[in-house]
Amino acid sequence: MTQKYYEDFDIGFNFKTLSITVTETHVVNWAGLTMDFYPLHMDSEYCAKTVFKERIAHGPLIFGMAVGMVGLAKVEGSSIIAWMGVDKMRMLAPVKFGDTITVHVEVVERKETSKPSQGLQTWRYTIKNQRDEAVMVLDMKFLMHRKVANA
Amino acid sequence: MTQKYYEDFDIGFNFKTLSITVTETHVVNWAGLTMDFYPLHMDSEYCAKTVFKERIAHGPLIFGMAVGMVGLAKVEGSSIIAWMGVDKMRMLAPVKFGDTITVHVEVVERKETSKPSQGLQTWRYTIKNQRDEAVMVLDMKFLMHRKVANA
Amino acid sequence: MTQKYYEDFDIGFNFKTLSITVTETHVVNWAGLTMDFYPLHMDSEYCAKTVFKERIAHGPLIFGMAVGMVGLAKVEGSSIIAWMGVDKMRMLAPVKFGDTITVHVEVVERKETSKPSQGLQTWRYTIKNQRDEAVMVLDMKFLMHRKVANA
Amino acid sequence: MTQKYYEDFDIGFNFKTLSITVTETHVVNWAGLTMDFYPLHMDSEYCAKTVFKERIAHGPLIFGMAVGMVGLAKVEGSSIIAWMGVDKMRMLAPVKFGDTITVHVEVVERKETSKPSQGLQTWRYTIKNQRDEAVMVLDMKFLMHRKVANA
Amino acid sequence: MTQKYYEDFDIGFNFKTLSITVTETHVVNWAGLTMDFYPLHMDSEYCAKTVFKERIAHGPLIFGMAVGMVGLAKVEGSSIIAWMGVDKMRMLAPVKFGDTITVHVEVVERKETSKPSQGLQTWRYTIKNQRDEAVMVLDMKFLMHRKVANA
Amino acid sequence: MTQKYYEDFDIGFNFKTLSITVTETHVVNWAGLTMDFYPLHMDSEYCAKTVFKERIAHGPLIFGMAVGMVGLAKVEGSSIIAWMGVDKMRMLAPVKFGDTITVHVEVVERKETSKPSQGLQTWRYTIKNQRDEAVMVLDMKFLMHRKVANA
């Protein structure tokens, strides 16, 4: 991976990822892997009586895919020391089977730490569907290498 | 599912889930489903040179499994109207292949909304390994039915 | 799991499980895992010429799912010492992709053994589709803890 | 498939299948597909305290694999009209990760029906491990084409 | 497996395999296992603007399935010492979700080696869809046991 | 993807991909997806008696993974019009469970076509293990956009 640093990502820096169509296969495989068989994802008879009318994708599946899709973009290079966590993950709209999602990433916060070699950044992931509607938003927190200390 | 309400879960209410051993299979299947092939999970040569010495599980996999494991416990009954999101997800320690995780859940916050039929609760999930070490912590936010309005 | 005993389940005791929609994904994954590529499940051209007109789910998949679905209900608590086997498994009607199945369980037989701490029970699983038609029936045999000997 | 008939399989006719090593991957994938996360298969800490000491394969997985393995042998040709069901499935010994199973098949019963074109046969599947120990036995019931009526 | 030899397969010898319907599940599982998320297979919005209009199967998936399908036919018996490789693999037409493929195999080349116990054969695999259109062609190279040296 | 052209890749141009550890999970999932249960990959008892001593990965799995790994590197940008096929795929050494593979890519041939907008290139993929031994080699054929015609 290209060497990149904290300093390479200003607040406001942004990009978007490739797009992936979310399928019944993703949802059934997800359910099995994470043990989440909630009827909204797995029981089409139940869903027919809800406001959604049909099975929808698990929210955490959309999060998991978003993390992978941003990784495939390889924009962060080898800047990241560690993934610190996630804040403010919110589900905004359902993802139906056949919807195609894209992750829009923007750097929204950066902060030097007491160690001159490290900085913290918050990257906001906004996941949108094929109608450009936001379906999920979340803030990823990364600990990054600083260039100055590595120069 | 048993009918349960916001009022059934006081702050401090807690329980733990079944336990699951995290395996190489979980990690390889996760990588494929979420498109996350970061070397810390997929390249044992790379890992041998890190502080971890060996491949470790993806953090979001631990989150995904925790959501499923809490669902299997069925403690929430049909109290939940909607999953609102997640706050303060933090990875605290690596999960290695063969580690066995359990989710410890505690209600840490509850708040009535302007609608008498709805309330918000925060359930803290602390995921621990077989040595009782916390490996991940996160706050799940649920919108719940209130009993009073449904009586 | 809650401690339960042989004595907690009288003949006639019954319950039903959650419901799951059987999908093309279940069938393709099943075929790969169990090595069963019989054309009735995997070749839509072949199926078009049969009485079924379309691919149908493997019978043993319905059995496998039924075992899991009854386990998710957790009604048996920790009463079970061992799964002894299955009798009289019969396929009654085809399960098509998109059908939603539910397991109806009834205790149909119980018998004390020569050991005062153990008893045998037969639980009949009737798997029904969304039109309430029975698609499979089978008798599960369990060896259970008896309460009297554990008091 | 070769055309074969009821008359081609006498009582006592027997063969064995290819052999397959049962792995952690089979068990984790099975659990997800059939929703069976019983600790004897998924929780190595729990298993360490049992007589088995380690995780073991699900019994129904061994059944599912046996059905597929017999199908791969293609001995039955196109003799079968329908799979009628299973009788007397019994788990005889645990299958551990890394054990290699083979199915030994023997025709144990055959019976003409009132229709001259159809007959019923019972094929006993004895599944053995690499130490030639029987781990499961079961009786498969098939409805078959009779040659006389098709001549 | 039946003992077979180089001498059992003349140039012109041919057979066809069972048929399998290629599904969305095959494609999503393939993408995850081989890390190939090219939009022609995974992004239905992108595909709608291409000449194909919809997602199509990965070419290497068709190759992988063809190898398996020929193996299931078990025509080669135990004649093969080693798989030497592949030549002239060409994608001729797209495979869409729901298409059903069959492999037509023909021995197109055989050559004795300096070792009297070994011979080389080229088996041409032509993969056709349900409209009898060739979608892929490739030449498999096998090293085989010769009968003369084993007599 | 970045716009790239035939002209951007001279003969001799080369790069290598990320590395992936090939696991039992890859092999079991591959077998199921492609229906290839040859004992060299699935039967550890059989393998113990071969020169390999243990189960090895399917050759086509290594090919499939190589295609995906080169795609993840995204070096080709949007230069490719179509994947034409593969030549001279040869298995050179076994890949065992736990081996880590990397694809080394080199442009070995390029040729203009009669259409000024298109050119053909051959990219040689040499797949190496963690001991820098070549395990597979193959020639990928691509049809590419030419810059001159698109200027």
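For clarity, chains are labelled A, B, C, D, E and F in written order, and residue numbers in each chain start from 1.
In this section, a contact is a pair of C-beta atoms (placed from the backbone, for glycine too) under 8 Å apart; a residue touches a chain by one contact, two chains touch by 3 or more.
This one's a predicted model, so the numbers in the text were calculated from it and none came from an experiment.
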Problem set entry | Number of hops, chain A to chain D, where each hop joins two touching chains | 1
For this session: Could you find the chain whose CA centre sits the greatest distance from that of chain D?
Result: A
For this session: Write down the chain pair in A-D, E-F or D-F that repeats the interface of B-D; the criterion is over half of the contact pairs matching by residue number.
Result: D-F
Seminar exercise, completed: Per the C-alpha centroid definition, the whole-Å distance linking chain B and chain F comes out as 38
For this session: Averaging only over C-alpha atoms, locate the centres of chain B and chain C and give their separation in whole Å.
Result: 29
Problem set entry | Where chain B touches two or more other chains at once, by residue number | 20, 24-26, 29, 31, 33, 35, 37, 72
Exercise. What part of chain B is in contact with chain D in the complex they form?
Worked result: 18-21, 23-26, 29, 72, 98, 100, 130
Seminar exercise, completed: chain C contacts chain D in the complex at 20, 26, 29-31, 33-38, 58-61, 63-65, 67-69, 71-72, 82-91, 138
Exercise. Can you list the residues on chain D that touch chain B in the complex?
Worked result: 24-25, 28-29, 37, 39, 42-46, 55
Exercise. Where on chain E does chain B make contact in their complex?
Worked result: 29, 31-33, 35, 37
